[in-house]
Amino acid sequence: MSEKPLRIGVVGYGYWGPNLVRNFSASPLTHVAAVADGDAERRQAVSQLYPWVRVAEAADEMLADPAIDAIAVATPLGTHHELCKRALEAGKHVLCEKPLADSLARCEELVRLAQQRRRILMVDHTFVFTGAVRKIKEYVEAGALGDVLYFDSVRINLGLFQSDSNVIWDLATHDLAILDFVIGKSPRWVTAVAVSHFGNLENLAYLTIGFDGDLIAHLHCNWISPLKVRRILIGGTRRMLVYDDTEPSEKLKLYDHGITISSPAQAKGKHEMLVQYRTGDVLAPKLDGTEALARVVETFARACALGEPPVTDGAAGARVVRVLEAAQRSLEQHGARVTP
Amino acid sequence: MSEKPLRIGVVGYGYWGPNLVRNFSASPLTHVAAVADGDAERRQAVSQLYPWVRVAEAADEMLADPAIDAIAVATPLGTHHELCKRALEAGKHVLCEKPLADSLARCEELVRLAQQRRRILMVDHTFVFTGAVRKIKEYVEAGALGDVLYFDSVRINLGLFQSDSNVIWDLATHDLAILDFVIGKSPRWVTAVAVSHFGNLENLAYLTIGFDGDLIAHLHCNWISPLKVRRILIGGTRRMLVYDDTEPSEKLKLYDHGITISSPAQAKGKHEMLVQYRTGDVLAPKLDGTEALARVVETFARACALGEPPVTDGAAGARVVRVLEAAQRSLEQHGARVTP
Amino acid sequence: MSEKPLRIGVVGYGYWGPNLVRNFSASPLTHVAAVADGDAERRQAVSQLYPWVRVAEAADEMLADPAIDAIAVATPLGTHHELCKRALEAGKHVLCEKPLADSLARCEELVRLAQQRRRILMVDHTFVFTGAVRKIKEYVEAGALGDVLYFDSVRINLGLFQSDSNVIWDLATHDLAILDFVIGKSPRWVTAVAVSHFGNLENLAYLTIGFDGDLIAHLHCNWISPLKVRRILIGGTRRMLVYDDTEPSEKLKLYDHGITISSPAQAKGKHEMLVQYRTGDVLAPKLDGTEALARVVETFARACALGEPPVTDGAAGARVVRVLEAAQRSLEQHGARVTP
Amino acid sequence: MSEKPLRIGVVGYGYWGPNLVRNFSASPLTHVAAVADGDAERRQAVSQLYPWVRVAEAADEMLADPAIDAIAVATPLGTHHELCKRALEAGKHVLCEKPLADSLARCEELVRLAQQRRRILMVDHTFVFTGAVRKIKEYVEAGALGDVLYFDSVRINLGLFQSDSNVIWDLATHDLAILDFVIGKSPRWVTAVAVSHFGNLENLAYLTIGFDGDLIAHLHCNWISPLKVRRILIGGTRRMLVYDDTEPSEKLKLYDHGITISSPAQAKGKHEMLVQYRTGDVLAPKLDGTEALARVVETFARACALGEPPVTDGAAGARVVRVLEAAQRSLEQHGARVTP
């Protein structure tokens, strides 16, 4: 590891920027050198909490500053591509908020650029760094679930309407990042249906994603639900699990439930069920409680120091946007199946 | 009302038949005269609990018996049409388990036949008779929700695999019956995606249903979920509600939450949200706790006595099957939008 | 085992009697020969469901009938002693509803009588036969909890006011029976405080029970709570458990949480905590789902056949009443500590 | 109101001090001038977050500084009395963490001193300033509950062992403050039972408090529970309520449930229940979501400006300590009833 902390410039201090700055400040591996935001009130907020940080209206100065090693991009989606591109071209490492960019082509351009410049391009797929999702990955890799049959996510509440992304680009991104990390397979087709009850941007959407074999994933995203639900079910032949992110503890439960198929000879008659359920213990494993964003920051700093890509690198960001883009095309084609 | 109780013959004493017989026996408006089932053990179970009831292997005898006024059909789906037809032709009133038949054409034939013979044809859409669904209907009709924006149902658990219907015909029927009763609008399109992880019949399905205007309905049905969920969300412009059938009390909650759209002039800038959420009290109204099936039985008896169609008449049964059939066609067309 | 089923006479067909008769009827080990109840409607209910059962207004006839092997007593508490006594004197085995009798002296008389007549005297401490309580017993015996530190039970809801027992004799009996079975230690002192908000009988009570060492038990019983709570916490040095009987599944959870005491040398200063918490996995073990009363019936039948006392024999019933009686004395002494 | 913000010195920057400093800093009515703490790391933490704040090892300097108007005391209980006394003698207003002091006599001395010096003495009974408790107060005052019958609180979890107070002085203080605010009656007697499983300080306690008439209060406090429970039940003759502080929303529920006593003539027989339950709607009212401590700070600042005592003044603090002291005496007398 390099001995000096990574010097960071953060662009954007709106909803997520403050969390980034707080975590970069708390880590011994990183140092926040500058923050840029077009809003004067926000710049003042930075100065009050972090008097030593240089503030600016725009990113130009930090991009030009050779003392700054890396840029964190926490601005609206429409600006990600340009900012990341400029940062990479200026020789900076980049940590970009999700989704990486507003099109697959732009993601791929950034990935190529990062490779050419030998810089780290990481996407802040925060959920991938939670104790729960890391444990799920462990279970899936160890075969604890058997063959994975389905992935069903409900991510709904009375949420903030975004101004430049619909509910799919806002919320489904989380699930697609989890899916990419945990399942690691390429989708074969995507369908999406969505409604914009207010204005132009869709506020309620259902995505279905097909994979090779029997595996299917389904996402329900909704900005206008009275209930807050953040729940993922993963069903497998050997075991099933439920990840309920709204639970204060016991977020993850592993069900020792499965399905056994009787041979027809064992069934009493043609109206008898050939499928046997097996139910068993339920385990809520202890999870690593480290704040996910602290782990993102640490992962980014280590990746920059070692020159090795992090798990949520630009390619992962591109894979997620590939599905988002396919979903968007499906929307335009009235829910037709689209190959991502 | 007629003074004598309606004399009933019940065909099928498997999963649901015992509940029908118990409720018909408990009602002063009905009398169970005969039960038919091909299984000897089941016939013996009838005789032990209801020694006065005539049992038979097949329905022929009760269909021929002029002392029997009405037939309740609780057999597998594939046999509904023939049994209902024979019963109506024999001049009996009919209460049929859901869904009414395995095709729209067959439902319509039964509806016509019932009209010709001036007999009551009722479908046992049990959920329509719960205190919760009746209260939802009241709220929707009174405008308490404002404009209804979406209907989202999750009906999943480790359920019995059916031998002659997939999870759509088994579980989605409940939601389609509720939707027909509560919303009362004609679907414009249906899409369905489903997977059969074990054998031929789909065990996991997602249905999406579009209506005129912005209204969308979505159903998730699943026989292989480790969690039991029976939850319907209905979002409206003025209020929203959640019907959680697994709650022992407080099954229904009315959220005084809504959405207000600010004029662009009120918003501070292009990145500001133009949509305002309004949150308020949550009410869990006291619900009529009468067993839904007792109310089905009473409704059927009164309909037969008065000669007036019940709310879940053959036409309602046909409307539900119309959507089921469209969903089945969509499945065959890889999730394409199908007009029901 | 004897080859012929045990022939049972049931006295009392009010709240619990129907459950007893249903379970005795379902078991191959027992046969319900007669039911006695002073209420004509209830006798008619018996005859309708079980036409072969002899019904009577009073118990005299069944006590005199040599063909009857055993009597089940499901009448109000005030009558238990006399009925059990007459049954034992008539040479019958006895299964008595909880609590065994309304005083310790009367319990002990019954225990002696059963010994003299070599008859089985069993108390229907139903909860002892649930899958959850049996699993708790396993954990405690295996040392999974370490040293048991406390037992805390809340058993409250809008319950039926009893006519001849207060809420302690009604509800606390369940917890005392569980405590006797699971912990198996003799209480050193009991305190009780209670209020009768309506009429003469206490409807809200708190019992505290001290044991040798640090172990303490506490019970909250309440007939006028808007919430239904049936929850027992057992804390131990190694692990803790929660038994929530209102959960449809996952009634029992074992917490791999414990307490470790640091030596003062390890603590940083006098204001530092010397106690370390250890948290870990949570396990909801699969439980035997057999209806507890079915197991009561089977246990009683086997005990009668083998002549060996069941786990909830008369002595267990007396131990529970010993504590109830002490609680009653404490009530009269304004909550003073009473030695049971 | 005075135009200048109240200048505050905060003593103690351990567990609660940071929350006080954060809220004093955020309020336009107050300004944090100085913070004292004996620990160098904590002082550094203050300087990093609030570079303009003067830090010191001890309180002497701020007590001597005429530019400081008020002192907030957030140190261990044993030091409250001396610090508050010195601050009042120095002519400062005082906001003291709960409980006010470690004996009733010391509380009363502080109350007299504040009166003599015409200074505000406020206790930070934070819960009194939550939206939930304020709404409960409204309901009780408006008679929505009818006659209050009982107050039952469970406040348990794996909590921090305090070094100089037992679980009663730590946790029961919250409930006693709520009880004082909401019910506003003087306890007639108190009993307490507690166990110290580890070391000298009790970690598990049950308090019972009797009032005139039928009203009873009961508190369960526990530092070694695997479950976190923060739940208060208040039963009344007309309605009942449940305040569950662990619920993210719907913390308060008002049950339109009550009890009606039938005249004996209406009851069918001596074994019939004379008490009728009435169940009805359940309402979860929208609550003011302002952070309680922000409201404490605002209340304190206004009280100082206007010279009028706040609702949780020194007298309220003394009333709470009166009960704590009685509980402590009851502990020493093996749970005997003690008059506070």
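A, B, C and D label the chains in the order they appear, each numbered from 1.
We adopt the following convention: contacts are C-beta pairs under 8 Å (C-beta built on N, C-alpha and C of every residue); 3 or more make two chains touch, one makes a residue touch a chain.
Remember, predicted model here, so these are calculated numbers, not experimental data.
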Touching both chain C and chain D (chains): A, B
Selected interface, A-C versus B-C, where C-beta contact pairs are more numerous: A-C
Interchain centroid distance [CA atoms averaged], chain B/chain C, Å: 42
Euclidean distance of C-alpha centroids - chain A vs chain C, Å: 52
Chain C: positions in contact with at least two other chains: 249, 279
Residues of chain D defined as touching chain A within the complex: 49, 51, 228, 246, 248-249
Contacting residues of chain A [partner chain C, same complex]: 249-250, 256, 279-286
Residue ranges of chain B in contact with chain A within the complex: 76, 149-150, 152, 154, 156, 158, 160-164, 191, 193, 195-199, 204, 206, 208, 210, 214, 216, 218, 220, 222, 224-227, 233, 235, 240-242, 253, 255, 257, 259, 261, 270-275, 277, 279, 334-337
